[in-house]
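Pasting the structures in now, so scroll down.
Below, subunit A partners subunit B and then partners subunit C, in two separate complexes.
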Partner chain A sequence: MTAIGSRGFPINELSFFQVSPSLIPSKGNIILTTSTLEVSPIWLIHHIIQQTINSDNKRKIVLVSLLQDKEFHEKQLRKFGIELKNPKYSSKLQILDNFSNLDLNQNLKCPSSFLTQLARNISSDHADNDGPIVLIENLDFLLTAASVTASDLLYFITDLQFSGASTLLFCNADVPLIMHDQTSSSGQPPIVDEQGQFLFQLLHRSVITISLRPLKTGRADDITGVLRVSNGGKPLNYAKSDLTPSSTDRVLEKEYLYLLNSDTSIRLFYR
Partner chain B sequence: MATSPSVVLSRLWSLKDMTPFMLLLDSASQSSTFVIEEILYRVTSDVNVISVTFELQDTHPKVTHNIRGHRKTLDEIQQQIENASMPTAKNLIIIDTLAFIKSSQLTGFLSRLIRPNSVLVATHHTSLPALNSINPYAPSTLNLLHYFATTVISVSPTALANLHAEDDRHRSVQLFSMPPGLNSPQFEISLVHRRKSGRSTSADFAIDTAQHTIKILVKKEPANPMYTEDESLLRGLTTFNLGTTDKQKAAKDNVDLPFLAAQEFGQGGAQGGAIIYEFEKDDDYDEEDPYEDPF
Partner chain C sequence: MSFKKRTVQLNSTTAPGLGRTPTQPRGGPAAPALGRGPPDFTTTTPLQHRSESHTSQTFSILEHPGIRPSVLTSHPTVSTGSNDLDKILSHMGLPTGSLLLLEESGTTDFTSVILRCFAAQGVIHHRSQEGKLGDTKVLVVGMGEGWARDLPGIYVDKKEKARKRASNEQSKVSVENLALSGASVLSSADRDLKIAWRYGATHNSITPSKESNNMVKPTYCDTFDLTSRIVPSPNSSEVICIGPTGDNQFFQKVITQIKQTLKSVPHNTVVKVVIPSLLHPVIYSYESSQINNITSFFFSLRQLTRQYFNQLVVVCSCSLELYPRESPITRWLEHLSDAVIQLEPFAHKMVLCAAPTATTKDESKKDHQGLVHIFKVPGLTERGHMVTRKGEHAFRVGRKQFEIEEWSIPVEEGEEQKSYANKDDKSNKANLDF
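Moving on to the complex of A and B:
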């Protein structure tokens, strides 16, 4: 963190940990990012991919996309300087496009087999015991789209954790999805309970929770939204008995304002 | 037998006092994992620690048997606990979340784990929305757990200075926009411990799991603003002195208000609307005169 001032600092200097410069949690751990309709987390996904792919991290990155097709991600990543035709990148990053081949009637008749298949696709050819880095965009969409329950998804995530994956989940936390409408007299949609179950359970399991929200005061030209990085329900160093520097690391809890420019340069400001 | 609440807590956590079922109630803003860590820090090494995990992936070094609950039936889990527990030594059974156990099966499962030589520690996440039970008349999971837990520990983040800040924080958590400072190693708990005798102890504590300290919290009862006098309101109204000294207040409080006796019932008080008449020294009462009888 060097350039601190009214002009803010570039996104490259964003860190989630006090010591480690990585944006990825250690093996088997989860980072949960919630966002709302006004503030898409796509830029954060691509930024994390860019930072990780360019670091000396040997682990494979898998991006599971449920609401965007592969072309979209390739095009966006190109803006971040990642050309997927280049074997240097394509060997490290795998995009599982579940948007184009998500046939809701076919795939989701049996949601558990769909999720099993997805887990198999993710962990295929990751024989190395480090496990992959998995970024999943809008997994909670399955709760609304099909007869998938929160516990189906949680079992799926537990499987991923067991396989040693570091999982970054990007989910929606719009008010109608998570809060009962107290004024409505008709029956409440079951989605609120399922989404709440899913997100709260993830909150308890994650080591870091990130939230992207629009400004409370309304839209502004020079600020896109608020980015909060906070502790998750699971202590970062749980079960670590040794006191190596990495086991004393802490979450860098901070609140930032961020601005997405049209030229995809992203600046952060301390709040 | 220890009676001071702060001693009770440390004795419970180090398993010197055995409580059959310790229920941990946590929320999204403060996880009970720190409490579990602290208990594991305090127990002696001769305790047989069995950990049943649904959400924690790492095993604490003090855990002797780790049982993963993932994709297992309750009978399988119970069988594994059975095999892992020792009949003579103290057993500590930790369940990291009860969320994956259906509320209809919960009591049966837990009661089979309660033994005289074991302590069961289980976490219930209070933030999770209750899933619809098949039987609408069945009590909620939380009620069931409260009913047969012998020790209930509710975990909450360190209280903020004022209620508005507290409300804001709660609202942010409800919206999953977590403010910084939650889920920290410093937090507060409130303990309710029911002894075998039926007596219960309750107290609030501030816990620091980084320093391993327990500090008892004495919550100040906020004075009811309706009944407190604000002297500053009287200032500058008139040139008279409207204030009251403490001595005057005490004297005022000691005055019996008139007709108080009429509001009492029973012996010495009003009975069936009777008139209470007490003779004073100047009263002229003639016993012979029937019309003088005040009763």
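Moving on to the complex of A and C:
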């Protein structure tokens, strides 16, 4: 392990772009983060919120929560120094709790109406030119409901893109969820196809893909996992120059090892 | 000095016999330090749909005989019925408001031992607190009354039993006793004390240890005799069985039943939900095992655990033979659970191979029956910590306990010693030659 020798650097110095210090893609663009069962991306969500809220970014941040309740996010954000009781933060950050009141059988009978309502909630009171910054956790969970297909979710994301939102999606990419099991002879449920198709299409649409994975060698005391930042399928400066932070900017492709300390401080190490 | 002061204060204001009282029920990993901080918590208003009497509710729930604050986050926890399982969950118990998924590969049913102990513990707590505050309710999903009748009883040490009987007899007034009373005859307690004094265990050193015993709550986790049955066998009000209906409305029925129970009980009642052999084809219909139905059931359970985060605990077991870990159903269930632990029993042949070596080498080291893999730990995994430990623990079901120990591939001691001895011989010879 090469990382042990160096002391690494704090997470605040992490950047996804070579020039722009922002962690947020430009308007209408997507960052896709995939993770597995062992390594939850929650800390990355909260870190990105903390960095964006403390920068002089005027755009509103919307966190859409599907597998955690609002209290959990509030409590965790408090550890990152964001007290939502404080109007300074609450005016900038909105948490849409879609976990507590979601009835999978009722609400998702007609997925398109549910998703349009969700898109409307996200882009409400953002009448200004700058669209919101949207972070969505576990959106792919909706695919387990019988009526929801990958294209439903992709249409929803396209809607968000058109409304000018910068979207950060956090999805699960465990191998059993996206790949057919070669050993079993019985037919796999179509869920695998849907999830695989969803992620595959997102991969092409996003400007950056981030993957969080555990170490292949198993658990270690001094390393939590591997964070890999790489180019997505869509080029960064594909659109006109005013849509990107800087038309000459590039994605800073790197692989890091990261360590979550119990006091929620996070350190990164070059690999 | 300061420590002493703190104890006194806490004891006088809050629960008697409790040393630590957390101010924050769902703290993070750094919460032990937070928990003792100034009561900043009271100034912040309680969160919306969770009950308004937030702090008082936490305090009263800690008086419950089966609740102890977690050593990690000081969130209230209940015992799973096995001391060792409590330990590997890192909280010394299962935090309330969480969902534990026990997976088992192979055709054995070791998880049922844990589930039975978990349910039996609930029955015992219910009996100790019946009609008072701090009650416990047990719900069993998919099993009939027969399952409840098979719960194990509390383990009674034979020696202790004999000693109790002896002391009972001694306390009875008999001619012998009266005759001896004139002479300076010591009661058994005094005699014990004298022996204790002789070995340096004086009166003073005994009392604090008793106190600390109180602090860790002796009622938290009992030892069960797995060969016995709980007496009297629990009735339908103690263990509520939700029998299988065989149709796809079953999950909805279960959720409404759990909701009803939670609504009908006071705030400091712990509700334990036990779901043995989830997705077993005998109990669950074909429709139920469709991924959309089972995930929506688990999603509803997850919603309930978050809504009643101080009261509800769910423990669920499933066999990996039908739904292996590589299948999307199991993976989604794991994503929706707070804790995931897998038991992987050794093949029968392997146990037979291991048995003779274990007995000849070390009598005290009994052979293990399988491996324990940890995939998710409540509170830690959801914050992004990586806790997966595969094959680092092994389990054994004894008469009293479901034991889990740290495990590693044993080193063949005999061979190593031999080779060392040979080397020593050679080096000695070489020295002689010089």
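Definition applied: the second predicted complex is superposed on the first by the 260 of 271 C-alpha atoms of A that agree within 3 Å, B and C clash if a C-alpha of one lies under 4 Å from a C-alpha of the other, contacts with A are read in each partner's own complex, and residues count from 1 in each chain.
By definition in this document, a contact is a pair of C-beta atoms (placed from the backbone, for glycine too) under 8 Å apart; a residue touches a chain by one contact, two chains touch by 3 or more.
Just so we're clear, the structure is a prediction, and the values are computed from it rather than from any experiment.
Trainee: After superposition on the shared chain, which partner residues are touched by A:69: those of subunit B (first), subunit C (second), both, or neither?
Mentor: Touch status of A:69: second partner only.
Trainee: Looking at the overlay, what does A:233 touch: subunit B (first), subunit C (second), both, or neither?
Mentor: first
Trainee: With the two complexes superposed on chain A, say which partner A:100 touches: subunit B (first), subunit C (second), both, or neither.
Mentor: second
Trainee: With both complexes overlaid on chain A, does A:192 touch subunit B (first), subunit C (second), both or neither?
Mentor: Once the two structures are laid over each other on A, A:192 reaches both partners.
Trainee: Between subunit B and subunit C, whom does A:29 touch in the aligned arrangement: first, second, both, or neither?
Mentor: Only subunit B is touched by A:29; subunit C is not.
Trainee: Can you pull the subunit A residues that subunit B and subunit C both touch?
Mentor: 175, 192
Trainee: What residues of subunit B sit close enough to touch subunit A in their complex?
Mentor: The contact residues of subunit B facing subunit A are 26, 28, 31, 33-34, 37, 54-61, 70-71, 97, 99-100, 125, 127-132, 174-185.
Trainee: In their complex, what parts of subunit C are in touch with subunit A?
Mentor: 26, 28-30, 44, 47-50, 290-292, 295-296, 299-300, 302-303, 306-307, 324-332, 334-336, 340, 375-376, 381-390
Trainee: Touching residues of subunit A toward subunit C in the complex: what are they?
Mentor: 37-44, 67-72, 74-76, 79, 85, 99-100, 102, 104-105, 138, 141, 144-146, 172, 174-177, 181, 183-184, 188-189, 191-192, 195, 214-215, 218-219, 224-225, 260, 262-264
Trainee: Would you mind writing out the residues of subunit A in touch with subunit B in their complex?
Mentor: For subunit A paired with subunit B, touching residues are 28-29, 34, 151, 155, 158-159, 161-162, 173, 175, 178-179, 190, 192-193, 196-197, 199-201, 203-205, 209, 211, 213, 226, 228-235, 238-241, 253-255.
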